[in-house]
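What follows is chain A paired twice: with chain B in the first complex and chain C in the second.
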Partner chain A sequence: MTSSHQPVWVERPNRVVTTIKGILIGAILLVMIYPLAYVILNSFAGPEATTTAGLIPSEWSLSSYSTIFKGGIVQRSLIVSILITLVGTALSLVVTSTLAYALTKTRQVPGIRPALYLVLLTMIFSAGIIPNYLVVKAFGLLDSYWSLIVPVLASAFNVVVMRNFFMQLPRELFEAARIDGAGELSIFIKIVLPLSKAVLAVIGLFYAVSYWNSFFNALLYLNDSSKWPIQLVLNSYVLQGASMSSMNGAEMYNLPSSQSVQMAVLVTATVPILIVYPFLQKYFTKGVLTGAIKG
Partner chain B sequence: MTSIQGRGMTDREAVAARPGATTLIPPDPRSSPPAGRMRRLAHALRQHKVIYLLLLPGMLYFLVFHYLPLGGVSIAFMDYSPFLGLSGSTWSGLDNFAKLFDDPEFVGTVRNTLIISFLQIAFAFPAPILLALLLNSLLSERTKRVVQAVVYLPHFLSWVIVIAVWQQVLGGAGALADLFQRLGLDGVNVMANAETFKILLTSQVIWKDVGWGTIIFFAAIASIPPQLYESAAVDGAGSLRRTWHITLPGILPVMVLLLILRLGNVLSVGFEQILLQQPSVGAEAAQVLDTFVYFRGVLGGDWGIGAAAGLLKGAIGTLMIVAANRIAHRAGSEGLF
Partner chain C sequence: MSSQSNSPRAGGVPMSRRAALGLGFGAVAGVALTGCASGGAGPSGTRKAAVPPPTYVAPPVYPGAIVPEVPGVPTAYASMPKKLTRTVAAVPGRGGAVRHFHLTWGPPATPLAENRWWQGLNERLGVDFKVTEVSAGSYDAKFATMLAGGDLPEVVQLTFTAGCMKAVKQGAFADLSETLSGDKVLEYANLANVRTEQWQACTINGGLWGVPIDVPVELLEFRYRKDWAEKVGFSKPPADAAETAELLVAMTKGNPESGKKTWGLTAFPGMALDLAYGMFGVPNNWRYEGGALTHAIETPQFEAAIAWLTALWKKGGMHPDALALGGQTDRYRAFVVQGQVGMAVDSAANFHRPNSQYGAVVAKLDGAFAAFVPPGHDGSSKAVFRKTAGVYGINAISAEVAKDKERLAEILRLLNWRRGPVGSEEWYYQGWGAEGEYFTRGDDGDPVAVEGTNLDADKGAIAYGLTPQSWIFPTAKECVETNSQMVRQSVASAVEGLQSDTQDARGAQLDQLFATYINQIVVGSRPLSDIKTYRQAWRSQGGDQIRREFQEQLKRR
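Now for the complex of A and B:
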């Protein structure tokens, strides 16, 4: 009947087992969805509404959002985060794709193989927080927006994923272009990149998500709170403001400390992820990344 | 050839040794006899100029931000002061390590790290396997896809967002507290309870990453030949026995590999996750190695001691990954590298 695409040997579902599975799945969905739905819906509660465990606020209003977008630190931090994400993702894609393409030439070009090993090796060690901080400081990047981009410009994992993708492109195309007199640069720009839109998209999305979510680097490298990205503002205003007894936090940022405003800040920081999520899911379920892990 | 490869990898040389004038007359590769390493190097650089230029920005990044910091590890052996810098500070041998081991806070830090790691291996590690098996047993493809779309999502949210959401639901002014109040019970604040903090951490890790963790197991399940299930069914094995005798053995290599790698990372427990919540539960319950390095070294100014703790963690971590990989090989798995 409904399970016509199932193989014939699959037995008819047992009613008890089906019920248990249904309850389990329902419980999982509830635990995953309820917190997000609770925060999103209650961020539209009016200033007079009291917070309850219910999903539907007693009074609807956009006042929390108008409070945030009147200007001030939340709005400014959103602009910072958007710019960091856009510039960072573009630079990361340029550096990752050029490096990944150069690293496909292990056979043809001397020196490429050791370079590949140097990149791969960075996956198993990290110098640690303090040595990284000292390098960023030595380059004068403290309190600069570049400190959120340059130290995390490329990840070895993404380089490997992209290199594997480039390696799978049909060689005949390169040979044909070479016979037509194309140099390496025009092969890379006119043949390799256009054929690699899928992998560029998925890796670009992963970089964008990590720039948007970046928290600790900003905490470590930016002392000037006027430069803070949204995640840091979210931490001070929503998390620390909520757990510290003193309300200095709220005054400092010139925001009323109502719960729905906190939720509105939280939703604003989450929305960009929710927007790109369908695209992300489309790609990673296709196995773009799992295939690369084995490679 | 090998000697050229050894030299050719420093890309700064590649640029320095490429004077603009010579590029005007590219020499025929076959006509210039390689007379010595420098000549051959210069030749390779000219011939593959574009590739080296494409290599340059990325390699520069990895050298500067992954290899150069290794030099900064030396402050673990120094009486480091930021005002004097690396060159002005005096060497102190193993003093920082001696101080570290005499520090009662460090002992508690290591204990917290290991307990949290153990809880995560015991509970957060098997969770995706169970979820993957449950989803795999569903007959309806549509239900499966809906559940997947929901459970993958939290992986992409930052820890700040995840903890803020939990705070709104389980915190002192959150939904759970409201529910308890209405039932006439005392208020609860799960988020600020130091005693149950480690369980809270594990639950958060499961909530955020259980879905993401299933992906690799789905890939493993998909690679099991369907004929195995068919013949087992014909032989009278029910769905539970098929799971036990076919699916589980089929994904066992992946499970072993991931478990070994997880053991290799035993000293790494969610740094941001714990850092964000330390103010609400206190350092005694929530100090782990990474947060110790940050609070002692960066914020407290004990740079040498912080760096020593960081070096210990990093060195043990790297050694354990290499050892774990070797064990994976011995167990017949391909390993990570």
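Now for the complex of A and C:
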């Protein structure tokens, strides 16, 4: 390679290439944005509006939102989801960070390495739906909100990412703290956690999204529909009439166009968690990459 | 709806079998149910000595009733019965909790604390009624885990899927054949209104596994846009298959609704298959002649129906997204509601009930969205439709619970109350709630729903499958007439009420085969001659085995 060849990022951008890139990125963006815009705009479609033809409904209305908020089910499920997400994320972060920190002590504490392998094992082998159900039942968690939190309190992947992040923190800091008389708990709380805001934010987001999207566990473990989180309610709306009611004899009532109702529930179920993203964006790349690259 | 997937009883596609199989349903159920069998039927394959089916007592009729001559067509009323009868004298419950596992088709019920209708129901039933709601799409997973956990609720709504049938055969549910046999059912008088063929549909291996979820034997009604047809030159309903195709193409291309895109048909398989099967007289699932079973797909009628659909597609008589719309009922229906579909099929009641989506469209179009019975393919023969026993599923009672005879009797009393016939106080409350809270009286005395309540969704979640079918709407007479004609021209499946393990195990695979071949043939991606390859594949992948299993049972009958 001759010296005249500069790395690509140093070269002046070629206008044609830049234009092509712009068009490509624009097209990809459009593909991403269109369904989102379609869902949002059509959630405001009136009962008589065309919801199948295009992006812009022919008639605007809030009737879909008034329908889904009428029985109080959606509000209640939103509250359930928010609480599950907040409590679950907080507890998951506590459990994950303490476990990850403990697992960094493979040289200092005997038995930590086998414990690490046990954690890793859960990434390869999953217990399966029914054994999980039996465990939840045995702990008396059926029909309890805790059934949505306790079984998924710590994810092995997140533990590994966080452990790797902790492993990169300068050991000198810990040694200095020890010389100053700090114990492991003090080091963890006063040094490790403040230096790990990026990974905590990212893992917190991972947990928050997974708690927010909690569907299957809720389906299996919650019998009382008043305890359903938003995703389960969303499912019931999306599937409303999905099975030909001509086959099951169920009645079809004069609700607003069920598609606009589905869109409205979808928007309601998506917006709260989307709001969190911009606030954590700056940590996102840093946290994931730092934790993931070095093992 | 593919030809293979038709439930032997309901005639429809209750739900995916894949999920059940993916969960290892059978093995799980087998483990979980050890020691759980009632005194009912033995394991699969054993048969009990026959007991008489429950005695049938026709439900009472009230002045103004339109009593159909054809069995299986619901008795209908143009207006609400004026005088209500109380059919259950005593409060049926003993005060404890009674749990149900319900299929739902819509949003969940309003929680009990805020649900006056549910509270009123509890007062009337004398129990704390609890319900676990599950949408059809999630049914298999939820049912499998509940079964494995050994905590089946007192009443479970079963469909005729592999997982449910396996659980039945393994003894998870109480056999009611002795308890309700003959006149014993009269102790639960409203249950005696269940037709004998419906009880038979709930009978497997000699055991009676619950109270049927009532549906009309022929649910469907076909409608077409008469105004469009007249605009494009058809003054009468089409007289044969060729004319039907011409009309559908004209509805798509003839711009009958100026400025609005329209289509003749919008969904395949869905209604397109119902229409083609009907016109060409494709047998209902299986035909039994001369001691041999022939499946619908093996008949020349099937081939003719598919050829007709292929030609229709080629001429542009269907929506270009018809294949996708075949699985998207909401979108398909939205087209109908928005007046963009020339021909539609759905449950008759949905067209006739003024408060349904279609009812509003029918009323708005003032006769232009007319009911019709599709013609026979050649104009001289009649179309042949598919009837069922009128059972969508079974309200089964847990075998564990039924060990306590008093508890079993209580649950049957509760089911009896819930099945109060049309014109009874019990039926009225379940349909309309309490006067003042949920409805007021119109000038004619008929109930007028109070706006803003969530009763429709609540009923769907809490009462589905427990109450009898009721057809009460101003156009009841027309509905009964059309439905009677449909039923007269319909046939039952030869294997109605029979079980095939291979069908249970491989149904999903065979459905997929249908989609792979027939969907592609219809849209022109495969030649029509591939029907032969499809038939061979179908036979080798389980069709012949299913035939053998059904045939053995038919010979034993």
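In the analysis below, the second predicted complex is superposed on the first by the 213 of 295 C-alpha atoms of A that agree within 3 Å, B and C clash if a C-alpha of one lies under 4 Å from a C-alpha of the other, contacts with A are read in each partner's own complex, and residues count from 1 in each chain.
Convention: a contact is a pair of C-beta atoms (placed from the backbone, for glycine too) under 8 Å apart; a residue touches a chain by one contact, two chains touch by 3 or more.
It should be emphasised that the depicted structure is a prediction, and the values quoted were computed from it without experimental measurement.
With both structures placed on the common chain, the touch criterion links A:Tyr133 to chain B and to chain C. Contacts of A:Asn235 after superposition: both chain B and chain C are touched.
In the superposition on chain A, no contact is made by A:Ile275 with either chain B or chain C. Once the two complexes are laid over each other on the shared chain, residue contacts for A:Val16 go to neither chain B nor chain C.
By the touch criterion defined above, A:Leu220 reaches both chain B and chain C. Within the superposed three-chain model, A:Gln259 lies in touch with chain B and with chain C [touch as defined at top]. When the shared chain is aligned, chain C comes close enough to touch A:Arg76, but chain B does not.
Once the two structures are superposed, chain B and chain C can be ranked by residues of chain A touched, with B on top. Of the two partner chains, chain B is the only one touched by A:Pro151; chain C is not.
By the document's definition of touching, neither partner reaches A:Ile179: not chain B, not chain C. Overlap of the chain B and chain C contact sets on chain A: residues 51-53, 129-130, 133-134, 216, 220, 235, 239-240, 242-244, 259, 262.
Within the complex, the chain C residues that touch chain A are 1, 10-15, 23, 28, 99, 103-114, 130-138, 141-142, 144-145, 148-149, 151, 213-216, 219-220, 261, 270, 328-331, 333-335, 337-338, 340, 345-347, 349-350, 353, 355-360, 392, 452, 454, 456-461, 464, 469.
Of all residues in chain B, those touching chain A in their complex are 1, 4-9, 11, 14, 44, 48, 50-52, 54-55, 57-59, 61-73, 75, 86, 131, 134, 137-141, 143, 147-154, 156-161, 163-169, 171-176, 178-179, 182, 191-192, 207, 211, 215-216, 219, 226, 229-230, 233-234, 238-239, 271-272, 275-277, 279-280, 290, 293-294, 297-298, 303, 306-307, 310-311, 313-314, 317-318, 321-322, 337.
Listing the residues of chain A that touch chain C in their complex gives 48-53, 68, 70-73, 76, 129-130, 133-134, 137, 142, 216, 219-220, 223-226, 228, 233, 235-237, 239-255, 257-259, 262. Per the touch definition, chain A reaches chain B in the complex via residues 2-3, 5-7, 9-11, 13, 17, 21, 24-25, 28-29, 31-36, 38-39, 42, 51-53, 94-96, 98-103, 105, 108-115, 118-120, 122, 124-135, 150-154, 156, 159, 183-185, 188, 209, 212-216, 220, 231, 234-235, 238-240, 242-244, 259, 262-263, 266, 269-270, 273-274, 277, 280-281, 284-285, 287, 290, 293.
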